[in-house]
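One structure, as structure tokens, below. Some questions next.
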């Protein structure tokens, strides 16, 4: 019976090869590569270790100067990053001048790592926001190594820097890694201020052109989305997601849609709301809870 | 103190062993096995590499003929699949005739891999749907290697074929793997047409007897579910999930319930809707947004 | 160009080291450690193998007495657990008397493993609840090795025991591991009865002070949460999440908030409800479905 | 340039495929397999852990009853062994009746593991011999986990049992594993008594038909070989290696050849000797040290 | 006490850094690399799998055409080889023109893989020689997957091709890998004919300028070496190791030295001989066995 | 048939457990451990990376200051070493005062790492000796990453420091690791001067009380051993291996025995010699080559 299997496999292989050739998609040139997801996840983890030395159980910070630790870890990050960013810049590049691409890559990665001390400070503020906002939090340590909200924000802050530097592919791979692990989907293009707080988080969606101020709190299932995407690629670059000003709280499962929709500062939006128009500052918005009907259970 | 620990452990082990014996569940016969989740995930990844050679960074397609690449990868998939499907068919099989089980397994796996070129074409259409529908998508490549929606659809299309071939366990292991990674829960029994589009995706539930046409778009948090499952196993096999016709768009967090509920072709259903009755074709359904109440924030 | 990179990296390392020192957060003493997430996940898996021998494909139960199997696996669990619990008790302990900490650790871990036969029985009841409640379930085996709902309940039952024993960090690491894999967020502090059933599960949130009776069923997207957390850490310890009595069913995407909110026994709450007041026993609660508006699709 | 590479690779692949077909050697039938070296090495290590629990740093023997530990480890060994022995018996078997092969395999592996307690006692005697004979040995523990001589003897004692049971391939894979790690080449067919002592060991060769008594000591570079192997396969089964009786010491780099050569009991053979004739019992054999010639170094 | 450790480590690090700078050896330029031993060992294994498909337990040759198998494996080998050879050619290259180095690398690796079908034929002849010469050999399969002699010859044949192509570093890494595993040290520069036979092998040394004919047999401990190496690097390139003509047999522990020493065809040299002068063809050379002196053992 | 297997395994387990209990050897107390071979090998590799940064392909030295690299690597080595040395000092320690053992461990490991810069300088001199002495050596790099002689010397130099510090077990584990990989067996107790040269190396044995001066060269198969070890442990601590003075060359397969045997400085000893008496300084010692007898080959 084995011979039949062999023949079948050969026949199917022909069909797949035919598919490959039919599809322009598969015209990856000789030596062309796409960034490796696994490497990018490793970079995300390395930066986490750099920012919170000792919190993930594998760093050796008891016996080494902090400068040495930081220097070594940064060098590793630089090297890994350089490789992946170079691949990303090279892929389908019109001008294949390797020297130019390498210079652009070096400049980009240096600019990126130069931002890391600042990003670290931002994330420490996010830790404070989580701690202050969650009565179930027992310590900052717990937040740092187990809260999905903080993890999603951390990855966003990293990915956002790469988005601003126009690095292809990598920001999205990072944000989808966080999305897969937390259920929180923050597009790397979004703009988010200081002391950002997310609780539980599963189901949160924050669109590419969203703008969020400082001290904003979001709960699980909140969507900050577009009104309609029926125009598809035609909407690329247009502001189609809302603006949330400072000190706003948005409770669970609320949906806020539209590029011109602004939630003014200090406002609170109750859970399960559906918002498509702007909300003034200093307002508490509740929904008329849909009337419940009580019957005896059969 | 160690001796106490040893004694305690022995006592507890006795109790656990007692539990094992009390529970018919643990009467796994000598040599009986259940399919290995890890192997099945590996199969899912191998097929992904087969369908999109070069996109996941580990394939070597620059120097080898596409036919050879496809043939080798298929052979690996066949071998791994054969092992797991055989285990699945053998488990608690009434007739333990190994030769019959092996022949059934060979037939099943050959039928399955013979479908792969067709499934590949289907998925390429799904990629097109994602690209056309998402203004934030920068390229088809990005969709293929980072979009959770596409990943969930890909796994569904694979698992569905095995579901149709009545392979036990494996389709569900596959779909729960995708569910765990994306938050998108598509039962392998569902029937889904071409050019299927999912955005963000977290929280989507598509029940076992759902039927979905071509060119349908779903957003995060959409449930296509049953009205009530209080009859439990008594409902097994009954159509209890809705039918969605061609070209329908269903926005975020909408719930559509019931086996007789049909959303007619070309219709659009707004986000946060709760639908338990059929919607005619060519209709745009919006909900009366629950009135919001504005108060000054205390 | 390399020399510039080296200099840049050194400069940035100085800034990061400055950040470390500025932040009290990083004053981890010499030799101080935090529990290792990876080890804790391994413990979760080991206990799973102990409870369901043969179901995850790597155990060898065909040739060994069940007592020996249980004894060995328990010994491994005891050893791994001892290490992590000791780290957790030692971290920032005011009294660094190692002997006392080790005795407390031994006592705690013994108490914990002594509960495992009981927890196993509880989880087998949860398996029954899943099987009886889901028409799509083909077998108990399928539930045990692929249902996210069961996995989240299993992890909760383990983590809850450690929560009751006042072990720091570890219960939360466990529950966030389950949350990341299933989208189901059950705080280890919650109290949950027998025959608990979760379907699909993504987006479920069960707060720290929630009380749930026996034979309760929850569907995806259900939140059992607090009314407001604006008082943050000030609310620590206060009952702020609802009570769900025996035999209650809560359908998808319903939100129930508040520490004084009680859903009485035998009641059913329809999907997409928003509940902030108690519901009497034996009641079927439906929402007035928000009116849908039909227009022709443009 | 890549296209040329692709073409070259295809051409060379054709030639290799031609070689495969030309060589009967490659006529491995469908589904035929050879034992896996990696698995066999793992078995060697497992048995070592079984025999010396706690000495290789990964066993957990502090908290579990020794019976449970032994039972579990044996079960693992049985399962791995069964798989490899079945492959070995199946390969090119004239009678492919699977049931018969499995019964023969079960019988063989049971007989083998039944010998393990006896082999363990033998090896503990070898440890004593090493400890008593080597002034540089600090403890029995050191011998058990670091002496190559003991390791080679241990592997020989295991492999010899399988040789006696006529298991193909596996004994030789085991002995070559020890050979590669220690430079000591003991053919599994050799017969070796109690309290066997090897020091340093590199370069020792003990041929297939060698017979060695109790309390024998060998040093590095000793060959117990055949006089001539020019008849090749024609000598298969003929006794062509020497017999060494009880209490013999053979110092470094000595060569003893021939199937009829006997070194009588209690004799001592000096280093660098070349022996092709029998030596009576109770004899001390030294060689006339080749005269050394002294010149001033230029 | 920890602070002292930290200070000590910093002080020692300064001294090591001083050592690095003092030693020209450590002036590895930015981005300079040395070939990776691990990758080269992987290449050695891949080629073994290519040459003996199915013999090492991990290949899948039952279901795929041999051409596809060979093509894929070759492509992998080409890619890995290209990387390491490029590194080897780049290291301290005077002319750092990357394009030139890559062209040279491509040409070199193509020439190398083009030789593989021929090398495969050579090694199959070596297998025949091992089988015919060793009465303890049970099958060709056993020789292929467990005989150290064959492994050392196989690695030599590969490494020799790279030596002829003037690839730096890699041939020696390969031959030392074999040396470490077998105790057989064949310099990749040696010239060795067909049907080469090595038995046991430990301690064999074959120098760089040795020439060996067809059908030659060597036993353990044979040295084919130089008379004196006191001139060190001054002797580089000079023929300083012996020539062994066709059909010669050299028994164990014999030493043959000198670049002008020739062992004529069909000759046999007994074990433990020390040869510094040429031996005519068709001669059987034995040594006057050093007289043994017998005394009663005290 | 499976039930029989189970019963058999249980019976054999009883016998093994009986053996464990009978043998005092197995009275390893609760929590007692032996050093882990795997960890010690890792330490050997880490120190190699510390001493030759960039030579083993995995270090990142291009972008980081050498002080940072050295500091980090040292910290890792310190931590791993501390753990294993503490285990070694604790095992069967009469005084189980943990604080005292930890202080002794800290002191020992600090003393050890403080020697590393000096050892590094020693090894660089050994590299020079290898390069100058071997005409086949193409570069110092090749020696550093592929020469077994250098590797054995490197491991010896490390292990010797620990031997001098009276650390149990670990020096021997290290030296046997090198022995297994190179066939060169240097007891960590030996005393060896600068510029030590080993060529090929397989079969070299250097005993515990050997003393070797500067600029000494040894070839494969050289034994520096004891005259007789029949007194076994009674000889522990006695000088029983020879002394080799500065600038001595000893060619292949020569054996030099006895604690009072001295090879005077500048002497050369020919290959295959057997030396049991002292050799004066400035002497060239050759052996009367045993006469060869020539016959026509039959």
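The letters A, B, C, D, E and F name the chains in turn, as written, and every chain counts its residues from 1.
One rule holds for everything that comes next: a residue touches a chain if its C-beta (ideal position, glycine included) is under 8 Å from a C-beta of that chain, and two chains touch if they have at least 3 such contacts.
Just so it is clear, the model here is predicted, and its values are computed rather than measured.
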Smallest count of steps, each to a touching chain, taking chain B to chain E: 1
Cα superposition angle of chain C on its copy chain D, in degrees to the nearest 5: 180
Greatest separation from chain E - chain, by CA centre: C
Equivalent interface to E-F, taken from D-F, C-D or B-E so that over half of the residue contact pairs match: D-F
Chain separated most widely from chain F, comparing mean CA positions: B
Chain A and chain B, separation of their C-alpha mean positions in angstrom: 24
Separation of chain B from chain F, taking each centre as the mean of its C-alpha atoms, in whole Å: 57
Residues of chain F engaged with two or more neighbouring chains: 1-2, 5, 9-10, 13, 30-31, 62-65, 67-69, 71, 74-75, 78, 183, 202-203, 221, 253, 287, 290
Chain A - residues contacting chain B, complex: 1, 4-5, 8-10, 12-21, 23, 25-26, 28, 30-39, 91, 168-169, 172-173, 176, 179-180, 183, 185, 187, 189, 202-203, 205, 207-208, 221, 223, 225-226, 229-238, 240, 253, 255, 257, 266-268, 273-276, 279-280, 282-288, 290
Chain D-touching residues of chain B, taken from the complex the two chains share: 2, 5-6, 9-10, 13, 62-65, 68, 98
Residue ranges of chain A in contact with chain C within the complex: 50-51, 53-58, 61-63, 65-67, 69-71, 74-75, 78, 103, 106, 110, 113-114, 116-117, 120-121, 124, 127, 131-142, 145-148, 181-183, 199-200, 202-203, 219-221, 249, 252-253, 271-272, 287, 289-298
Partner chain F, residues of chain A touching it in the complex: 60, 62-65, 67-69, 71-72, 74-76, 78-79
